[in-house]
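Which chain is which? They are A, B, C and D, in the order written, and residues in each are numbered from 1.
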Amino acid sequence: MAIDADALRRAIDAYADVVAEQRDYLVDLDRAIGDADHGVNLDRGMRAAREAAASGSTPAEVLKGVATALISKVGGAAGPLYGTAFLRAATAVTGKQTLEATDVVAALRAARDGIVARGKAELGDKTMVDAWTPAVEAAEQAAQQGATVAQILAAAADAAEQGMRDTIPMVARKGRASYLGERSAGHQDPGATSTAFLLRTLADRAAAECPAP
Amino acid sequence: MAIDADALRRAIDAYADVVAEQRDYLVDLDRAIGDADHGVNLDRGMRAAREAAASGSTPAEVLKGVATALISKVGGAAGPLYGTAFLRAATAVTGKQTLEATDVVAALRAARDGIVARGKAELGDKTMVDAWTPAVEAAEQAAQQGATVAQILAAAADAAEQGMRDTIPMVARKGRASYLGERSAGHQDPGATSTAFLLRTLADRAAAECPAP
Amino acid sequence: MKKIINNPETVVQDSLRGFAAAHADLVEVHFDPDYVVRAQPLPPGTVAVVSGGGSGHEPLHAGFVGTGMLAAACPGAVFTSPTPDQIHAATMAVNAGAGVLYLVKNYTGDVLNFETAAELAAAEGVEVASVVIDDDVAVQDSLYTAGRRGVGGTVLIEKIVGAAAERGDDLAACAELARRVNSQVRSMGMALTSCVVPHVGRPTFELGDDEMEIGIGIHGEPGRERLPVEAADQIVARLLEPILADLPFTEGDRTLLFVNGMGGTPLIELYLAYGIAERFLAERGIQVHRRLVGNYITSLEMQGMSITLLRLDDELISLWDAPVHTPALRWGV
Amino acid sequence: MKKIINNPETVVQDSLRGFAAAHADLVEVHFDPDYVVRAQPLPPGTVAVVSGGGSGHEPLHAGFVGTGMLAAACPGAVFTSPTPDQIHAATMAVNAGAGVLYLVKNYTGDVLNFETAAELAAAEGVEVASVVIDDDVAVQDSLYTAGRRGVGGTVLIEKIVGAAAERGDDLAACAELARRVNSQVRSMGMALTSCVVPHVGRPTFELGDDEMEIGIGIHGEPGRERLPVEAADQIVARLLEPILADLPFTEGDRTLLFVNGMGGTPLIELYLAYGIAERFLAERGIQVHRRLVGNYITSLEMQGMSITLLRLDDELISLWDAPVHTPALRWGV
């Protein structure tokens, strides 16, 4: 089974709901090692993204709408990073009516590469890259083993959550948390957390859209 | 027995000690219904007054030195009021080498009248006048009954303390506490309190200088 | 207590030393007795406008010493009126032969100490006039109090009367103008937090986490009313309604609207309140022709604000617009 | 949380509305996307200097829009960099044919969003140059961080580069000057209290009653070190020592000393600190030729201060002295 524009739209809706629910939690994480705005910024962005995703007849169009909304509404570091991620993902699947397993993997990889290109963070810098990179690797591995879209996204979500937890002991070297030096250790990165939420939401939606036989 | 310049000097010293000790208490009283400076102001003034009182060969000269120090160091409402009080007291006893009972009463009355002339407060306005006026009346009554200087000052101190306590339920109509309206009730007036301290100190010193036979 | 200070006993002098260093081109600070005068002497034959009061209200008054405003300022201890010797020394230093005008905020201490200083000056043959400023509508029963306090209106009066002195008005005219502006200006303030007097070390009053104090003065005196914190719309209405009712201001009036921070409230909030206030006035047909927004008469680190409204006429507008060059207010120069 | 606001979600726009009303003679505020431009268009053929960043630092940046300083400012949400569409709209509004210079404080968000805006402008044929400001010596290991933050130096760079643009310097010269000033300026800040982000409603960090935070940024980020509160002498030394060591400043240098309040610290303390700082420099043979004291780049209602030191030369002095007429800085006009 594959994902079409409507299924993707429902997934974006679901992520907007999750971000709204987790808004204060994300703010709290950012309060500890940043400037206490990650949840608010992303929530503002995802509300706009939900509207922007309403039109668009292909997955690429939906993703592009989300990208534009995030770029123009989020601000901060997360706005351009997530915006670029969705924009690159859109480009990666341009022309497709539905997303098959290989498309999903290509979109995830493009998203991650976009974030790295913009933000220049490396693995271990305590950023969202620490959730994205293991997620993409897990998705690729699952796809090589012939997994379904839902299985691929579940593997990505599991890896992202592990990556998110792995940020806790790290000393930040990029973004606002890096100003804290050693004091950033012991706190989970907010961007890695919102990334894990995104991938978990996509996995859950995929499982719901394409129930295992 | 009578009071000479040296005895008066010792009394001023003693009052400076009392004000230093009670500084924070007076600040606290003023914090409740004023601007939290009465103790600090008076302490600064009495430290200067102690020095100013060091010279001066008659009671009037000592009192005038204290007046000048208070006027130039205290500021606020209490500075000109206490300054005027000491200045008028000095004038009332000019030319005397020692102060007899009638001189003490005259000095107290002149001090009180000076405060009223400057500040225009009436009895019941919740100011230092509520300690001064009963004190002067009690002193006059004691003098009429032939009391000694020590007895006169003790009567004045008793009455001042009663007057000080009587300010507690009053609603202020003069000075900074008046801005509080009804909310000023329930607090003891700082200026009435420092007045009671002054008269008690004078009484104690007089008792020590002129022990009862 | 958290403050950037060395010693609570020397805060005023320590701060004056920095002020002197920062504005040596504009002012000269004298110590013991403490007073601040312009770096350039007044033109001979002009009235010297002098003010003063307790410290802790910066930039008032020393920040307003300079061309087109004050000739001298006398800073007392924190929240304590200056002493007559300070005022007298300042008076003698700035008298330029046309007399000295004292602008005195109406507090018992200020009034008494300036009174004594005026007597000292008179004894030395210097002509002094005094005008007492009492624009605070929060003090309701003037009969049963020390009378209304001098608050935000002080800044406007110092500017306008300073301009009149600069253009050469004589002492009587300056005093009359000060009285006239005082009669046309009304203020009211509120606090979200108390201030901490340095030598006390604790807040002057205690406010709960959800409380505000309405009708405060500028010395950390508690106000007349304690209320739950409200939205800015309501707070502005609570300050402006008694102001409008008091003068009263009426439709068609031209005004100067002054939104003043108490020291700890940042500009983002003051501008927000200013916008509400201007709309509130517009809805009542009251025109705002001039404005001032910022921390100009403060209460140490208190969070809160006051609103001041002055009814303008052509003369007051032109005096307000006249050049001024002081550490805290500057235009036209 | 105690603030004079209506709604945490609309603080920035509500405040901008008041700012627009208070300074209609100087600025024009546009909404959705939000940006602030001068009321008078730039003279054709002059470089437009544009800056922006999160709100909560008032008067930065909008308060510096006007003759001799910024052409436009882009206020983001509180402590959140503006979005590319705001920056792009401002860019197109103020471009006067000689190109646009972005002055960007070095935060990942600001850098990325201005970068995107520059791409949008380039796509429409508008020449854009960007200079990233990073004067905060509190961030030590630039290799292992997002790099030094842009803090107090921003105000000085905006003033000096604004003056160069006003006199007609071209885009390359303005950008080069901005880089040069950035290379000559160093800052460091400290906090006595945290600020409260409106939509969060609680302090960003918790400080004990006797603690201070050294090396803070301007977004309520905690600093690198938490210490017991010290006397002003020690605090000033803690800020100035790393500043002097870093450039390094040396004997005989002519400097501009800028003591900046974080929003909740009153002038009485800032002047006190200024006095200490100037003496500290004098003892090391460093001359203070120009100075600025006040709340110019703030962190909401945070109590604390930052110190900025700029090494001057004749050109920088004359550009600093050049006329400026903005809501927050004004002289020579």
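The working rule: a residue touches a chain if its C-beta (ideal position, glycine included) is under 8 Å from a C-beta of that chain, and two chains touch if they have at least 3 such contacts.
Nothing here was measured: the structure is a model prediction, and the numbers come from that model.
Asks: Just to be sure I understand the contacts, which chains border both chain C and chain B?
Replies: Common neighbours, chain B/chain C: none found.
Asks: By CA centroid distance, what chain is farthest from chain C?
Replies: Result for the farthest chain: A.
Asks: If you average the CA atoms of chain B and of chain D, how many Å lie between those two points?
Replies: From the centre of chain B to the centre of chain D is 55 Å.
Asks: Roughly how far is chain A from chain D, centre to centre by C-alpha average, rounded to an integer in Å?
Replies: 33
Asks: CA centre of chain C versus CA centre of chain D: separation in Å?
Replies: Comparing mean C-alpha positions, chain D is 29 Å from chain C.
Asks: Which word fits how the chains touch one another: line, ring, star, complete or other?
Replies: Topology of the interface graph: linear, an open chain of contacts.
Asks: Which pairs of chains touch one another in this structure?
Replies: The set of touching chain pairs is A-D, B-C, C-D.
Asks: Which residues of chain B touch chain C in their complex?
Replies: 27, 31, 34-37, 40-41, 44, 71-81, 83, 118-119, 171-176, 178-181, 183
Asks: Show which residues of chain D lie in contact with chain A when the two form their complex.
Replies: 33, 54, 76-85, 107-109, 112-113, 115-116, 138-141, 144-146, 149, 197, 199-200, 202, 204-205, 217, 219-222, 224
Asks: Mind listing the chain C positions that touch chain D in their complex?
Replies: Where chain C meets chain D, its residues are 2-7, 11-12, 14-22, 55-56, 58-59, 63, 192-193, 209, 212, 229, 231-233, 235, 263-276, 278, 288, 291, 293, 295, 298, 300-301, 303-305, 330-331, 333.
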